[in-house]
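As structure tokens, here come the structures.
Paired with chain B in one complex and with chain C in the other, chain A is shared by the two complexes that follow.
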Partner chain A sequence: MPSIDDVTDAPDELSDEEAESLFEQADEVQDMMGEVCPYPQVEAKKGLQGLDAGDLLVQETDHVPCTENVPRAVGDDADARVWRSGDGVYRIYLEKQ
Partner chain B sequence: MSEDVDTVAPEAVRERLATGDDEFDLVDIREADAYEDGHLPGAEHLTVEELEDVVAERDWSDEVVVYCYVGQTSVQAARLVEEYGNADDVASMAGGYEAWADDVEALADAD
Partner chain C sequence: MNSLLVAAVVGLGLGAFLQKGRFCFVNAFRDFFAYKDSRVTKGVLAATLLTMVFWGIAYQLGYYQGFWTPAWGLTGLLGGFVFGIGMTYAGGCASGTLYRAGEGYLQFWLTLAFMGVGYAVFTVAFPTLQSTYFGPLQFGEGVSLFTISPIPAGLLALLVAAGVTLVYATLVGRGETKGEPEERATVASVQPSVLLAPVVGARQFAAGTRQYVDGLVEAWRTPLASSKRPWDPRTAALGITAVAVLWFTQVSIVGVTGPEARWTGYLLSQVGVDAGSFEYWGAILFRGAGVGVTTDMVMIGFVILGAGLAAAWSGDFSIRVPKRRRLPNAVVGGFLMGAGSRLAPGCNIGNIYSGIAELSVHSFIAAAGIVLGVYVMTHWIYREVGCAI
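For the complex of A and B:
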């Protein structure tokens, strides 16, 4: 079946192990389940403003387009990677630059 | 990488609708309550999930314009229609409903 995931340009993907390890080290986690663009983009920008370089912000989302649109919105402010759970949950890892 | 879809300005959509041009499919992919609060004339509401369900089976018009809140998710939705649908031209409306509302407001202020 066609999926929006097929046409979403997400950043590089993390393995399950990397994702879990990094998640435990996250400086801030934002629950964006059920939220759609542009709210997660706004919250990601606000979240990064409160962090220092090297800190990690993680967003959990079930809205696939966020995996492209959130990294694009924060631009050079963060290095972005994504983890797919396989059951509709995604995490966007944003390391502040 | 997916190919980027075309974008169309809200003014261009408004001008087409003003001439009575209904030869294109106009799809609003925002949440249902946002659509009920206000939408472009003639726009059809489909969530992203509904779009995934119907995109391959449906007989699309030759031209399709998709819009969302700010013109970001509509890019992925337009790619989906372009990839799996039978339309010739698919575009995302730049700036989404917010830009449309601003355009309409500016037009009203100018009158």
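For the complex of A and C:
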């Protein structure tokens, strides 16, 4: 069973500038616009399998639940940060551990 | 009280709380099976138990309009299973589809449309299904345990809620004592491990609740900014309970697919179909009162509006165009949800949330069917990367 701490640790949020500069360093970008759960979770896991430690995988999505579900799905495999554009587009930054 | 006003308040409230809490039953079970994420599962559990307690008390005091208790039997298991498969494939349950339609997802408007197709096909097939499916598979009259229990309803609800919380604490505690050898070593040396699990779990539960309340207090310091961030599903659970109690005292239990099936009949009647002549719409869903707009249909409409307003406020509203490869999910998933919810009968809200909260025998079976459907479909979708449970 999961611990109660799972409830509270939401992924860190990135500022607009950080999000932009990090986006340029991405090793792989997954276009998840128009997708619904759980496919982004599955794609994130598959994407990370093909990357080396330290590599950055970025998902661009318009599906709100992904900002929490994708970081949780990859768990300890990646360090997750999220950027919210404010108009329904989100980026999820996954740094493979 | 004016029933339209109640429908508006309850609908807007439900929509907003569903959206802010991401209150999705697919998420609650699928992510728990796939990678043991239980945040939303806890929210669903909290909402169901809280609602059970308050509905039990309201029933005991006489403040209620009626229960929804279909006949029980294997239909719950089969229909629930079909519904569970459908909602997992569609990526949203009955309530999740509604609030995402409000967030501007064309994908989920399409899902709603194909749920409508499911309702219509079921309605046409209903006379045949009644003799070949419902007849042999329904075993007895539906009943709410509140109405037959010798224990007063309020107390019964409290006992069940306490029992479920204890089981939950035991499960968490068992996981925890396995995970932390130090704690086990210090506490287990004086207590047998059978007793230890609920104690550790209850301590975890208390700590978690304390943490949650602290978070809530913290959030209240900046109410505007906090209202735009995603809310803890447990906060949504409290809000949902409040409007569900209002609904229960004024109208009925909370359902989604029943009113949606009525919408389908109503909309078809507007384009010239004589919906009232079909037995299922005329005699059963509209109860011979004629095809029109009922209070619960208005309420469902307000759920979409409430979710839309909450999403716009939070910066989550946007007209989202689906990927072409996701269209089968809306078409097939929506159809299975529509048909499954009629075959059971009832959706995740009618059976898992309301049905368990009103202690309906039929809903226990249907809830099991739905969760089983989610389990099977989750394993299929995750076949390449694997599931945790």
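A few remarks follow.
Basically, the second predicted complex is superposed on the first by the 87 of 97 C-alpha atoms of A that agree within 3 Å, B and C clash if a C-alpha of one lies under 4 Å from a C-alpha of the other, contacts with A are read in each partner's own complex, and residues count from 1 in each chain.
One rule holds in what follows: a residue touches a chain if its C-beta (ideal position, glycine included) is under 8 Å from a C-beta of that chain, and two chains touch if they have at least 3 such contacts.
Everything numeric in this text was worked out from a predicted model, so none of it was measured.
With both structures placed on the common chain, the touch criterion links A:68 to chain B and to chain C.
In the superposed model, A:76 makes contact with neither chain B nor chain C.
In the superposed model, C is the one of chain B and chain C that contacts more residues of chain A. Touch criterion met: A:46 reaches chain C, while chain B stays clear of it.
In the superposition on chain A, A:88 contacts chain C only, with no contact to chain B.
Of the two partner chains placed by the overlay, neither chain B nor chain C lies in contact with A:17.
In the superposed model, A:36 lies in contact with both chain B and chain C. Applying the stated touch rule to the two superposed structures, the overlap between the chain B and chain C interfaces on chain A comprises residues 1-4, 6-8, 36-38, 41, 63-65, 68-69, 72-73.
On chain A, the positions that touch chain C within their shared complex are 1-4, 6-8, 10, 33-39, 41-42, 45-46, 62-65, 67-69, 72-73, 75, 84-89. Against chain A, in their complex, chain B makes its touches with residues 1-2, 30-31, 48, 51-53, 55-56, 68-70, 72-73, 75-77, 79-80, 83-84. The residues of chain A lying in touch with chain B in their complex are 1-4, 6-9, 36-38, 41, 63-65, 68-69, 72-73. Those residues of chain C whose C-beta lies close enough to touch chain A in the complex are 22, 24, 26-27, 30-31, 34-39, 42, 90-92, 103-105, 107, 171-172, 174-176, 179, 204-205, 207-208, 211-212, 215, 230, 232, 311, 315-318, 320-323, 326, 329, 378, 381-382, 384-385.
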